[in-house]
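Letters A, B, C and D mark the chains as written, and numbering starts fresh at 1 in each.
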Amino acid sequence: MKKILAAILIAAMILSLAACGGNSTPSTTKADGTTQAASKDDIKLASIAPITGNLAQHGVSIQNAVNLRLKQYNEAGGYQGRKVVVDFYDDQGTAAEAVNVANKIVDGNYIACVGPYTSACGLAIGSLFGEENITLYAVSASHEDFAKQNDMCTTQCAPQSRSREFECDWLWDEGYRKVAYLYLNDDTGNAAQNWFSKFWTAKGGELVLSESFLADQKDFSAVMTKIVSSGVEVISSYANYASAITIIQQARDLGYKGLIVFGGNAQQQEVIDVCGEAAEGVKFISQFSNDYPTEGVKAFVESYEKEYGRKPTQVDYQAYEATNHILQVLDELGPDDTKAIGEKIHNNPKSHSLYGDYPYVNGVPQFPLPIVQIKDGVYCTYK
Amino acid sequence: MLLQQLINGITLGATYALATVGFSLVYGVLELANFANGAFYILGAYFAMVLYASMGMNFAVSLALALAGTGILGAAMDAGLLRPIRSKGGTRTSMMISTLGVGTAITNLIIVLFGSETKRFPDAFGGKRLEFASAVVTYKQLFTILLCIVVMVVLSILVYRTKLGRAMRAISQNPVAARLMGIDTNTVILLTFFIGTMCAALSGTVVSMYLGSLDTTMYSSVNIKMFASAILGGVGSLPGAVLGGMILGMLETFVSGYISTAYKDVFSFAILILVLLFRPAGLLGQRTIKKV
Amino acid sequence: MIRKLISLWAKYEKWVTLVLVALAVLFPVISGFNRYVVNIGVMAGIYAILTLSLNMMTGYTGVVTLGHAAFYGLGAYAAGILNWRLGLNVPLTFIAAMVVSGLFGLLLGLTTLQLSGRYLTIVTLSFCEIIRILLINLEWLTRGPLGITNIKKANLFGFVFNTATKNYYLVLAMVLLSVFIVHRVMNSRTGRAIIALKNDETAASSMSVNVFAYKLRAFCISSAIAGLAGALYAHYIGYIDPNSFGFTQSIQILSMGILGGLGNIFGSIFGAVSLSVLPELLRSIGLEDFRQVIYGVLLALLVLIRPMGIFGKINLRHRRLQDSLQLAGEGEEAEA
Amino acid sequence: MSEIVLSGKGVTQRFGGLTAVQDVTFEVPKGEIVSIIGPNGAGKSTLFNCVTGIYTPTEGQIFFLGQEITGKKVHEISALGIGRTFQNIRLFSEMTALENVIVGSHAKAKSGIADALLHTPRYRREEEEAVKKAEEILKLTGLYEYRYHYATALSYGLQRRLEIARALASDPVLLLLDEPAAGMNEQETHSLTEFIRELKGMGYTILLIEHDMKLIMNISDYIYVLDRGIPIAEGTADEVRQNPLVIEAYLGKEA
């Protein structure tokens, strides 16, 4: 065998890829029926969201919120008469797909990108957006490293350090002393647990036990039994809404009567629908409450409910606020210098958010943290 | 606390056992790892949820319909896809990949139709429970454990006592000889798939009710545990499947109860490795001697 | 008709191969250096290496493995940890990845080779799960679920592979290397011994082939090549976490191998490329949500139509020799 | 007495309760054809498998060229110079006839993976030698014209001969033939007998298991007779032919 039998990339691939290459100029991806014709003078915004995969539920929220804000902005005349149009890209909630679609976005002359949803995807593509000087505005990335990657990376989610400190102060003031902490074993979950145990022990509180679990874990009966028998007053947890549901139900099944507190990302309508009255009294350290007493929030909740028939939750709010912030900076600086837009978003002394004028420091929002609770089957502000 | 953990362990063990029994039945007869088992586990649960929760039929009827419907689908998969492969002399690998394709298609079809958000599975026993001094046993837990025992007994009778069972065992030992002995292997295999799929649907429904909720990712955590219990108990042996499931369930519960939840998986797979090293055929599996 | 086509292909195999290699080399130019398309090319190349390595284990030794992603992950983590902790880069990380995965391949081989096919398939599945759990729990080494972030781009003696096109050529070179390894090993005394033990272990050992030793060699080469693919992925994506090397990944690699055709280098590459391109094609014609459904249905049907894969059982060298015999009119017609 | 190539002392093989072979002692002198005969289930194949290492005998020892080989692994025993054929044909289906024979000479070559990757001189030399030798053997066995055909695509008779060719490829000192004439008609058995006689002429020592009495009586120098695992007679062809025990074992008791 003198020669090498190297049949590498066969003709089929070349033809199909070239064909795919041909029509892959940033055509608008069909997403939930909102294909927008990209005419010449429109300003283009990109958005990465988990449209399919395990986090598809949040993908829908991001699409709804971004489309809603753009609709309002364009109806109010857009940017000097030019409409802002969005292209959605599906990262399926995985890092590899995020890189896959990120490559498409950075070539698609967008002014900025809303998303991705998770820190993992944000960390995978942050450097690429940094090099290409396009804003990467993550929706719920609360991992400390995300916003530190470069000036282009901003998140709409409060970092774990701030929300956990706020939670510990609140719990201490409410008189609770014995807490159990359950956290999803991913990058943000670990950060949440570290900060919580640091602040809680600093205040002198007793961290009875802290246990991690995997995303697809369904059985918490063992750990719940340990919690019930060790007289824990508060179960605090960082979990997505699916795990939150199983935690609430199994806690109540095993006779746990104490307080249950979650992070904002567990605040989804399904928690109420599935758990029913088992969810009564469950509280969330959230970034958003739908009856928060400001004009901006009231208008957002009404317009969202009118448009989609249900009240918005934290993810809806974060995507809406991110788009809102990008459009404000667009009004100030115009669409041409994407680097300037990114830097302004990264450090914006005064942004007109739904909560009023609050700053962004190094890509992190310094916004208030309302505490939301479930009362009579509805989310409402507790404090 | 120990009593409560014991109850939790048995319940979890029962859920793993139920999921494994269907898989082990098909594997025992055909030596085929049926990867569509997970999809039928989820499909059965969604079927029952639609009938029971959305359409309000009574629980027993919706459970029966869900089992029958999924079972027929499982049998259809065998008749439509696996039988032609068998007749064309295809290898077990091709059949395995075929079940994999069906599994992927069904699971994702459910995601497209129902969306991937978690849905509610109401408790057929209205949350009623028995409260002892230091332990709580909900009716759904009792139902799960009871059902696991019933299914094991029924299947054991089926496989070891009935004519169909003898045919199944004949096929598992030597398909060619079985055919020569006049056993209509295709029909027996069809029935095996029908029963195996029904088991998967049953375990999916029961677990959904135990957890009170269901979504399309619920199988992923059970999938690996099902393989582990099958191997632990001895692949292809029904009592082995239940034994393996119970051991795994108890082990995980006590590890997360007394050590930490993070390490429950590490322990269960460490045990699995030990069993594989010293008794590769599993606890109750038979060692196959190599004959020339 | 197909027989003539294959005979023709066998006859001009050398030329067909060179044309394909040329097309592969020119591919970025053909697609106009469009980053998105070239990126698909890179991932297709990485999967081609993975199916080649799977072909070595399942195609040649007949051992169906359901845990091949474990070696892919081990290679990625070996490269990722070395780069993150010690700042090492190509070629050291590649070699380390191949060695680490190779050793684990040896480990799997040692513990499971006494088992018959019946249990081996399921054991490889739990092996993959065990590796994933180890990666999650050894937090001091792998940062556990945090995964390893900002792994530097491949940097060969100063030349940094930072664009998709440069990475494409690096992956292409590695695909060539893998094909070279698999081709040369399989067309040698070792290769014949491996195929002999696949066809009939007892007969092979009676021809003084140490079946156990040769299966181990096949396992090690296979897992080492999969480790190489892992290292490429780590440097290219720059972020790895335990969950991207789990069960679904193993099944994807296996399906590519089966679809393309086992026991055939060309088939494996074709399987990898076509199943990497398919999801993107479906995405571009908007069948986003149905992508997985179509993928599943396609899998089930293809295995029905061609159980041993599209190019399975085709051996061009044999066909060429047999055809040459035909022309010389020595032997009567022998069914290929 | 010429040198003893293979010998077994008190070889016994039990499977659980069943004793397949009971206390068999035999010798195969160099250059001779020794046969083992006996009705079905007499333990002939079991004894064969003890010699080749597939089974490790429960009791007794086996010696090859003076060296004990009891309990050695199959590939170790065959590497010492024992070629064998199988009762039911076990050719390698995915390889051509030529390649099947080349695998037969596996023990004679040394090149490993490194040699294969770098195409070292050793690799090239051994490959050429192997092909040349295999083609020689194929010519000897009249299979040269089918060298590129898939082994399992050949006719039954050709496959039988190919198995023998494969066994010859390792230049064995001892050739074990397991019912080579099974399923052959008169004419084919005759040509097989001639072929085996040729092999003897070429100096091969042969141990044969066979049912076909005509073939056995024609070419065997020495015969051992087994019945239900127990050796009941041995001797030259003529002695065995008249031995009443043998007749009884084969034809049943006189009426």
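Here is the rule we use: a residue touches a chain if its C-beta (ideal position, glycine included) is under 8 Å from a C-beta of that chain, and two chains touch if they have at least 3 such contacts.
Please read these numbers as outputs of a predicted model, since none were measured by experiment.
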Each chain counted as touching chain A and chain B at once
C
Could you tell me between which two chains the number of C-beta pairs in contact is largest?
A-C
Can you tell me which chain is nearest the middle of the complex, judged by mean CA position?
C
Going by C-alpha centroids, which chain is farthest from chain A? Tell me that one.
D
Using CA atom averages as chain centres, what separation in Å is found between chain B and chain D?
50
Inter-chain centre distance, chain C versus chain D - centres from mean C-alpha coordinates, in Å:
41
Take the average of all CA coordinates in chain A, do the same for chain D, and state the distance between these two points in whole angstrom.
73
How many angstrom lie between the CA centroids of chain A and chain C, rounded to a whole number?
36
Mind pulling the chain C residues that touch 2 or more other chains?
180, 184, 187, 202, 289, 292
I need the residues of chain A touching at least two other chains; which ones are they?
52, 185, 214
Residues of chain B that contact two or more other chains, please.
111, 220, 262, 265, 292
Note which residues of chain C are touching chain B in the complex, please.
58, 64, 66, 111-112, 114-116, 118-119, 121-123, 125-126, 129-130, 133-134, 137, 202, 247, 251, 254-255, 258, 289-290, 292-293, 295-301, 303-304, 307-308
Give every residue of chain A touching chain B within the complex, in rising order.
52-54, 56-57, 185, 211-223, 225-226, 229, 241-242, 245-246, 249-250, 253-255, 268, 270, 273-276
Show me the residue ranges of chain B that touch chain C in the complex, using the header's touch definition.
31, 33, 35, 81, 84-85, 88-98, 100-109, 111-112, 220, 223-224, 227-228, 230-231, 235, 262-263, 265-266, 269, 272-273, 276-277, 280-282, 288, 290, 292
Residue numbers of chain B touching chain A in their complex, please.
1, 4-5, 8-9, 11-12, 15, 111, 115-120, 127, 129, 131, 134, 136, 138, 207, 211-213, 215, 217-218, 220-222, 252-254, 256-257, 260-262, 264-265
Across the complex, what residues on chain D touch chain C?
52, 54, 73-76, 78-79, 84, 86, 90-96, 99, 102-104, 106-107, 109, 111-113, 115-117, 119, 123, 126-127, 130, 145-146, 148-150, 153-154, 166, 170
